């Protein structure tokens, strides 16, 4: 943590003007890509992310199909221009890991056993990154899967909490992510009270950790309401986009 | 598309063409509606999103410093990369660039480079040592045909939107100053792609037309009415007469677009 | 493991768990026997082999000089790489790192990095120019489950065993002197992994338990009783209550191990 | 364009002594490789290029076979020693693009529908490059395909034209290629009056472009005569090579 | 050869205290890895190498299976920390070549025709390298194959000889390998008097070469005795390891 | 070649060998006709094409400047690369080098390197900083067996044909002068490959003999009658007696070739 730069002022206001428990603005759109079976676009703070779902469909290559369940594959990928310094389009180790944990955060929402031998592919493209891309990606990916008509036990929604200066705060943006003390991304299925992604970087006391998880879940619940709204207004939104 | 569907579709498309018509009710030399949005990606030095019908392309431009090529020590560097990201089409697969994305990048690159669209000499910081490097990243988000024109237009629009950091050189070291300068541009080429189907030329082929077309020709022209880049594609041929016809159409359509886009 | 075997095994394992028992007769929160051997690889600057039951991991540490990252000019560099070499399991194949070995490396990396285990500022030779680079190479030699904990313990043990060359700077050039200094360390994190099977948490899952587990959680804690890294894995979920339970178990087991290992 | 160096002198003579409409010397040999089903060698100026054709044969891997047509695959590749600075043998982006346009310049000559489920592979190796390698490669590749006994509608032959100083000239060599104003490679089937490859780099008025295309096609026709000659004299040539 | 540094003193003693015909200490253990079908560990001087064998089993991918014989595959690989300067884990050209010659040194010991359509995979991991890793790898790999229960005509055992200063010596260690004049690695099946690997680097007269080969084969015979011993005491050794 | 054909062929070849004969009417220790052509590739600093029967190999040599290896600061660098380009054989596929092309390159490399064929100390421009780098690129154009000998001969012939630019050092900068110097060479090794079939040694196996051979041995010798590199290949063995016999044959045949080639 950079000592000189204060991330939260004396009044508890963060660098971008938010309070500790305040989310960044979140905008969601469903059904934004005509070629995907399902798709969604999220703006979460300055994160701009597209997600698309294809399937359930025949696995390609075939030998990856499973006789007793559907296979979910997921690719998280950042556009070269999405970050400060141009990123090579070849997948980095970070992108490979995030693809895996995002997949594992979505699987609990699916009835994998009901669609043996098929596959669902989820592709996430981060067009602009501003801290918390994995959470925003999960939020959008769940909508894309729902938009594809794949039955789900619940939507998955994600939000991080963390520690900045000495305060536990929700939904870290880029500068807080880099200069803060800890980051705890959480994916959650509110109706099932189930945490499907949990990671942590940094140092927290057990007590701080508990508060962070709760704060992240509260954030999830707020975004969950927006997700459901976005699914309802899909057709209206689509019209706007294409007008 | 299976070959059976292709054949049925081809017949439909051919019958319409005979009447100068197309499945989506355009005339043979009409473009689909074009929508350009610049500056969408604040983090990039420049960006533009182009909707050409349902085809959607996002171009981001990053400007960094680097070394010039040895044979052009006084000029900045421009590189174009294209990603056919898999969310754009069931036919795109994740992985390293294939021949289609490489061809797309190189055709867009030549349109920019050969028309001298960027004034690369103004990108030189210290001759032979340090220059600005302009990365043009073409990101295809939805593939409904004619990726070349959409990508070429989006690239020029993104370059027009691109800002470079101000700098001064103090004691041999480059120092970034406040403020930005627009990327210096000398030309705004426009690439027009035509499909040959049943021996007729169709401007701006959409996805289904591309599935049944015999071949394809893309012609970039500049504001002086000169030709600066051409690429023929596809498994069939053009007669010399068709080529001359195509250049005329390309010049006409580019002029139209120039007016519409105010380029 | 075929899904039929898995189902039969799962039933056995579940029935035992109901009684608080496991196939290998451990209690639910018991680790398998741990054996650590340091300094096995004389050629490396540091090394340690860990046997966790039949799981065997060898970690070698190489210390070289290199450049710091631009945003941390005063700090040395640490990188973790993990190889799931094919002699460790019939399920490992030769080839570039897959998502499993990348996840393993990154989880081990975060445990070390986020706990500030290495005092990276002491690895700086010349700010912004030259620092020590610490390569931690995790080599899985036999896979019988819970690679994360075995690799994390082996990595810390190898770092504790690591020596750096003495040096002096003369006329701007680095000169290696005789003798060695131990790698400066500030913390010794311990990672505890639990599997969720049939809604119960099992510490240190072995191979067959991993085949049938619903999900997995790995929690690294330091000597102050703080949490410094977490990774959830697997296709199922945890309830918030289970997560808090898991952190308590992780702190308990880490304290046990700390005592046993004298860390 | 380099201002100081004149590429054409006052008498209209080019750096290598040619006039504007004059081709470089072209030598063609057919059937030069014993393991290929068909092969050809071309020296076009200082370009030295080998082409080989294999097939029609079963596709490998099989899933690439097409139920309704033959598949033509093509690889254009430069030897590391073929250019001034050693070239890595890994295929460059340029080589990938040229492989594609060369393939598409040859396909119009083939009866693809007559050989469903089969494949023809064409391999081109540039042993020495001197400007215009893609054209010379097409000229040789067409001969290799013919030598393999694959029925063709016509031979394909290629030649470039371009603009050097202020003159439209045919068949640019290396220095003209690099310092000239424009380059227009054209592949052509003379009997069918069909252009199967057309590219352009540089700046030309529509009028200059028309003249360049015509000049390139005239060049094609001259080389076409040599192609037919080479096919006829194949066995004589083979004897010379093996003596 | 470094002129200043003498590798053998006036009494004929080498840098590590050995005489010309003396082997480094060799320690062998069989059955050290529980997941492999067979395995062995060798310490040969400071070389520390693990070998594992899997099979005979179904080939994967299937199209590599041969209708008339078993396929042996072999991967020789060095740990990044096994050498002075960290080695990238991606296989080097040297590792690819050694994998091939090690495979070809083991094949003569197998009854390949008796197990058509199957495969045996041998994986060798060099944990620490000290000169002569290919020979020590072969010695260990043969034990791993035997431990897997694959019938063998004879064990294969390997040892190098070479020329250091002006003397022909056996079993070069790292410094001799780098500064010596010649190195002759030999793999051998003593019962069949069959040489299955032979390479040479450096300069030797035919006479020196003959002496080197004989010296290497003598070395092989000594290690062969240790190999047989290790196979016999396998279960005792395994107990020690796991205690 | 399918295994049935192989077996029939093997029987034919074996029966002939018993009589000391071969399918192509050569004696057991006869080479096929060799034809060498130097300087074919004017653009390369050196080149040679070798026809060995129908086997055809082209070697191009490029000479560039670069850095020396840290452990040999006074010596130039030589690297050998081999490409089994797909036009040479239906069994060669496009793609990165496989084990066969890597082995070929490394065997050719060792023949040159271990015999000290190139006087690498004379390639040093500025010790520890700048040296000439010699790239030897082996290009197999037609594969009819015994690629090793054809490639080794072509490589030496190409090196003998190689010219290096003259240069002078002025104010610490290297300046290329007019004219060329031949690449300094100290030795001209010749590699002789023998196949073992039916327990007999056959020199210079052609394609069909390679399909049925048990194993292969390649021996490089220099003009002093010394051995400088050996490579055994193939799935069978040699007796110690056969190895000594092979070295004698290799020395004999190399002497013959030396006379014929005037090396």
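Letters A, B, C, D, E and F name the chains as they come in the text, with residue numbers starting at 1 for each one.
Criterion: contacts are C-beta pairs under 8 Å (C-beta built on N, C-alpha and C of every residue); 3 or more make two chains touch, one makes a residue touch a chain.
Bear in mind that the values here come from a model prediction, so they are computed numbers and not experimental data.
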Any chains in contact with both chain C and chain F? E
Along the graph of touching chains, what's the shortest path length in steps from chain D to chain E? 2
Computing the C-alpha centre of each chain, which chain sits at the greatest distance from chain A? F
Rounded to the nearest Å, the gap between Cα centres of chain B and chain D is 27
Averaged over CA atoms, how far is the centre of chain A from the centre of chain B? Could you give it in whole Å? 32
In whole angstrom, how far does the Cα centroid of chain A sit from the Cα centroid of chain F? 58
Multi-chain contacts only, two chains or more: what residues does chain F have there? 97
Can you tell me which residues of chain E touch two or more of the remaining chains? none
Graph shape for the chains shown, where an edge means the two chains touch. Line, ring, star, complete, or other? ring
Cyclic order, anchored at chain C and moving toward chain E, comes out as C, E, F, D, B, A
Hey, which residues of chain E end up touching chain F in the complex? 67-68, 93-94, 96-97, 99-101, 104, 107-108, 112, 184, 189, 192-206, 209-210, 213-214, 217
Would you pull the chain B residues touching chain D in the complex into a rising list? 3, 97, 99, 102-103, 105-106, 110, 114-115, 215, 217, 222, 225-240, 243-244, 247-248, 251
Contact footprint of chain D on chain F as seen in their complex: 40-44, 47, 54, 56, 58, 60-62, 64, 81, 83, 85-90, 94, 96-97, 135, 137, 139, 141-144
Using the touch rule from the top, collect the residues of chain A that touch chain B in their complex. 33-36, 39, 46, 48, 50-52, 54, 75, 77, 79-86, 89-90, 121, 123, 125, 127-130
